[in-house]
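Order of writing sets the chain letters: A, B, C, D, E and F. Residues in each chain are counted from 1.
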Amino acid sequence: MSLSRRSFVIERLRKERLLSLLAKGHRLDDRGLLDYRPVKIETNVIDKAEGSAKVDLGDTSVIAGVKVELDRPFKDTPDKGILIVNTEFLPFASPYIEPGPPDENAIELARVVDRGIRESGMVDLSKLAVKPGEQVYAIFADVDVLNIDGNLFDATSYAVVSALATAKIPEYEVDGDGTVKATGNIVQLPITTIPISITAAKIGDYIVFDPTEEEEAVIDTRLTIVFSEDNTLCAIQKGEPGSWTPDEIVNLIGEADGKAREIREIVKRSISP
Amino acid sequence: MSLSRRSFVIERLRKERLLSLLAKGHRLDDRGLLDYRPVKIETNVIDKAEGSAKVDLGDTSVIAGVKVELDRPFKDTPDKGILIVNTEFLPFASPYIEPGPPDENAIELARVVDRGIRESGMVDLSKLAVKPGEQVYAIFADVDVLNIDGNLFDATSYAVVSALATAKIPEYEVDGDGTVKATGNIVQLPITTIPISITAAKIGDYIVFDPTEEEEAVIDTRLTIVFSEDNTLCAIQKGEPGSWTPDEIVNLIGEADGKAREIREIVKRSISP
Amino acid sequence: MSLSRRSFVIERLRKERLLSLLAKGHRLDDRGLLDYRPVKIETNVIDKAEGSAKVDLGDTSVIAGVKVELDRPFKDTPDKGILIVNTEFLPFASPYIEPGPPDENAIELARVVDRGIRESGMVDLSKLAVKPGEQVYAIFADVDVLNIDGNLFDATSYAVVSALATAKIPEYEVDGDGTVKATGNIVQLPITTIPISITAAKIGDYIVFDPTEEEEAVIDTRLTIVFSEDNTLCAIQKGEPGSWTPDEIVNLIGEADGKAREIREIVKRSISP
Amino acid sequence: MGKLVDEQGRRVDGRGLNEMRPVKIEVGVLKNADGSAYIEHGKNKIIVAVYGPKEVHPRHLALPDRMFIRCRYHMSPFSVQERKSPQPSRREIELSKVIREALEAAIMIEEYPRTALDIFIEVLESDGGSRGASITAASVALANAGIPMRDMVASCAVGKIDGHIVLDLNDQEDKEGEVDLPVAYMPNLNRITLLQMDGKLLHEEFDRALDLAVHGCEQIYGIQRSALQDYYFKQDR
Amino acid sequence: MGKLVDEQGRRVDGRGLNEMRPVKIEVGVLKNADGSAYIEHGKNKIIVAVYGPKEVHPRHLALPDRMFIRCRYHMSPFSVQERKSPQPSRREIELSKVIREALEAAIMIEEYPRTALDIFIEVLESDGGSRGASITAASVALANAGIPMRDMVASCAVGKIDGHIVLDLNDQEDKEGEVDLPVAYMPNLNRITLLQMDGKLLHEEFDRALDLAVHGCEQIYGIQRSALQDYYFKQDR
Amino acid sequence: MGKLVDEQGRRVDGRGLNEMRPVKIEVGVLKNADGSAYIEHGKNKIIVAVYGPKEVHPRHLALPDRMFIRCRYHMSPFSVQERKSPQPSRREIELSKVIREALEAAIMIEEYPRTALDIFIEVLESDGGSRGASITAASVALANAGIPMRDMVASCAVGKIDGHIVLDLNDQEDKEGEVDLPVAYMPNLNRITLLQMDGKLLHEEFDRALDLAVHGCEQIYGIQRSALQDYYFKQDR
């Protein structure tokens, strides 16, 4: 599925209106420039998935499901489990979606969400090699984008993080004779941290957090930053044509860090048993 | 290959003409409403296939070829052979065919024909596990649709049934040390019954059997019923928009059962050695 | 990638102009009818490839890279290595290229170049079965077409021949216990001959060698002949609609043989260490 | 293979032979779609959304005398026991076709010539009878989108397990039972718009099964109506 | 590898060196196509059908000064020893191109500008020389469709086996022999429209082989003419 | 894992922490393209070619207020240690997007409404930092094609290896190091047009790294200018 383009005249009028609002410190939905929309997270929504979470970020709605299989490890990481993030824009998620395989937007989304989680070390993949070199856990985190109203990066990241953090997987052990078998126990994934993605957008000279679809249609540029719990940045992705000064970026990261701490509390509350 | 659409004005005129004929108990080709066109079956037409049959149902013409290989069984049926039906609308079969992979019509055709044969138990797949869990017969029944003049479901079903019933396959056995090898004998497939597909269509208030292409272009709805030899129905598929009352269906099945017995005699005669 | 079509009016005017030149024994670039453009070959241009060569034939420019892996042999040649030639028209090679997988032109190009090399016996594949039936060398010769100005068959053939002739591959041996391992030595491929491809085109009644893009746009027909070093022809491919008399072909092969000997000297000089 | 029906006529999940699993329908669950519905039928969890009537792209697909209806039935990778590839399978392509035909029978397609209507079905979690639940929910989503219809289409399956004709097969019954017979039905018009069967039935068994299916669809129709009433009257919009 | 030619110059199927396999052509075998032909050449069984001249879709492919010719050479899954995937292979794509070019040389493409012609070739059973048999049959199908042509195109292969130049290789000779050299030829115009070769030939051998191929094509031409005459005169239509 | 930085602050290839690999740019290397450049940055060998401004096909993709820019970043099968399939990978699709966005920021797209511009990047040999080298060369190719730009875009990466923030990672450092942080920068406008990161950095480390990247880009800019001057003035055209 891919996103097609929209009307340009309407975009231009909307941008003017938005800029005049921003000049007064307002947004179209009355939020402050650095406010997030309400974040609503429901976990364990799909019984057949080992982990799952539905995230509503305003009217943006995504659902992540985690499936776990045993598989051969990748050649270059024989002693690590496998984590694969895949996203699909469901065709009903927006009137602007075109049929077909994931386009560059869906692929970028999946890869950026994957990097934030992978680089934070959230899931300790080195603990997921059941029989190193031969059988490891392969974790598929599939995301269905249900309704698009902007800021898919953050909503998708929160959904995958929540689904992984609440997943329950079968435990395996290696027999004396080297065969892999289920112990019958159900265990949690080895989770070490809760990474939080924060996305900002620049419209004219204004910077806003958590842009809606209406805002994204007119933004100049975007920056997504993922924060780990140990005071580090673990992934960044600039998006859209448009540019940032180095100073803007340095300042923005400071602001975003604070916001990440707020959101992390919401996520943690939602995933606690 | 897929079928594209045709002229609507012509369809409407044709439907009016057809309805006035049906009111008098006639069809465009002078058949009675419940008559089939001549069924012509030739078997063993392709030397390189283990089984083959060409079926002409009026001007509808299809050819089925059966190839047999050894393969690993499906995970959930380790002690059964594999049967796969695949259909291709050859691009010359009709002026309305568009290039490309099998479309929904070709896929539905293959799946409905497959279901009728599979559910009837025609081929006893439990006898086709050469070495259960490891090596089983995989039977590919590929169908080329050569010329389209309506009622592909029945023509295709008769062709696959005839090709399977007359197929000759190499016999395999398992050695003392567990290796699978050919005995050198050529044997028949384990055939238990001859399922017969009957297709009816409703045009206005009239029900006809074995619709031609001209009739299919204007029918309201269609029903394909597959009968096994033991007085059972083994598959049904309603097709096309349009609808049936429950009573219509119950009555139709009675009529179709009689017709199936007639056609089964024709098929049996064609496949007897 | 595929080539799209060009303007017809311009083609017709160009053909008239070209024919009047040919009548005087000239071509658009001042060559004689049977002259080749300068052939420039650079080898070992890609460090990460086991062999590589960039060929410029006038403004036609291609680069071939050879990668070597161990792989299972093909079923019907268990005691031979594998050679696969693949060509890609890079999208910048011409303004007339359309995006997508290799089209019939790229596939024909790869297959004709492959046949010339394979049938000449240039690479002795029987010496490339490290462990017959189990592990053999698989040689991938990938060609990027960088800039198209006619006669891709010859340019591509020279590039693949030069890359193969200069490739250095790791040597493997089979242990006492049957495992395949690298000896640490780097060796040459077993090269037995240098096949040379010669391409002629007919425009009206004139025959030219090494046609440019401008000429190819208006030719009637084409003939590519590959010569081995032992006075044999080893591959032929007629191309384009249009036709040859048997006598034209017999005469042409005589002329082309002489030209092949000239070009072979250039290739040999370029690949000598 | 366990026994699917015990001596008391109880099924593996405790239901009687003619008893339906719990069904819950929510209307208008997606913001962007023109109409939508969410259904839980047993463990099936399915979202259906409708876009249209709208312009047809590419234009040559437009039909001069009626609406052009497209339908996609799709299963999420996590909807089944073993992860499913997101590419549409042959089964999904066939079901998209028969579901579209089952719904088209009810839609007044002649009222919107040269327009298109998209019906998107996403199975988030799959249990026995997902095609029926999809049709049931799609019919509600069409109503929510304001598409004029001759009747609602209600759908459920019947089947044969351990020799009994029963209503509404769950996953285990579907896999281990003898016959699956999904039906879609327009209750006010008394018309069947989808009928498929696989497995073996005597004629007399088929007649009973069809009758039971029609009764099941009538129950489903009641649930569809309640869901729409709750949405339009309780929410007062 | 058995010997392909014995001391008496007999080949594995009993033929002499310059002897063709039996060839049988039927005209007008498909109802829907504008023209069609069925050929059995040795064990090759091939249907060719032609649609056209007709409108070009999409329109931008139309050629202002001539007919646009498309050709598909395709092998059925059951046509070969090991089942073939229905997806077109690289070999099928190349053969579609060279066959199209071999036929286009004979078609009066300039008489139908802005139209399209489709030539569809289906190999139901494959033996050595299937491309030649396809061209032979396609030429007859084009005549059956009433497409104006400068000449018939007749085609067969020659080859080298056990050191002998021979006519019309069968499957075994093709696989185990040294050279395969398919030729297509317009007999009245004395012009070659397809020429391919793989394997090694001395110049003198090539000249002899080409000469033998031309004679083979002339025989094929006779069979094409008889088939058309039988169809048009005996059937009196 | 070997140590990537020794006691003297030397890296595996002998460079200092803030030292760039050798960079060589050639302008106008392809005849058919409207503009082109070839770059060797370390062992990266990359050709970039530009076609445009030109008509948009299909037309509905044309933008009424600006140029429509397409970008393809592609790696040759032989460009990496293990042969790469020619089909574009998910990584190549993402890089095509971020590179396009990094360049579009500099192009005066509003000057050519309803036109298209194609930027084709082919990585013939790949080392660490291929996306940066691609952007650097693409910017030169755009200049060579005469596309009006607000500024050049220069690009390189910084990273963290063995705890040190260093400039311009090579292949080994990229694979075995802790952080990769590619940056594209418009030197005259002081603006960042590409920024990606993976790996973990403290805020203070990030600030230093970004600063080092900007300095690296300024060096690259000097090389871009020299290459263009050499081409336009020394070659006198």
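Quick notes on this structure:
The criterion applied here is as follows: contacts are C-beta pairs under 8 Å (C-beta built on N, C-alpha and C of every residue); 3 or more make two chains touch, one makes a residue touch a chain.
Please read these numbers as outputs of a predicted model, since none were measured by experiment.
Here the chain-to-chain distance from chain B to chain E, counted in touching steps, is 1. Common neighbours of chain D and chain F under the contact definition above: A.
Greatest Cα centroid separation from chain E: this falls to A.
The most distant chain from chain D is C, comparing centres defined as mean Cα coordinates. Taking each chain's centre as the average of its CA atoms, chain D and chain E sit 52 Å apart. With centres set at the average Cα position, the gap from chain A to chain B is 48 Å. Not a single residue position of chain C touches two or more of the other chains. Residue positions of chain F touching 2 or more other chains: none.
In terms of which chains touch, the assembly is arranged as a closed ring, every chain touching its two neighbours and no others. Following neighbours round the ring, chain C first and chain F right after, the list reads C, F, A, D, B, E. Remark: chain C residues 5, 8, 104-105, 107-108, 110-111, 115, 118-120, 221, 223, 228, 230-246, 249-250, 253-254, 257 touch chain E in the complex. Chain A meets chain D in the complex at residues 45-49, 52, 59, 61, 63, 65-67, 69, 86, 88, 90-95, 99, 101, 140, 142, 144, 146-149. By the touch criterion given at the top, residues 63-65, 90-91, 93-94, 96-98, 100-101, 104-105, 181, 186, 189-203, 206-207, 210-211, 214 of chain D touch chain B in their complex. Listed in rising order, the residues of chain F touching chain C in the complex are 30-33, 36, 43, 45, 47, 49, 51, 72, 74, 76-83, 86-87, 118, 120, 122, 124-126.
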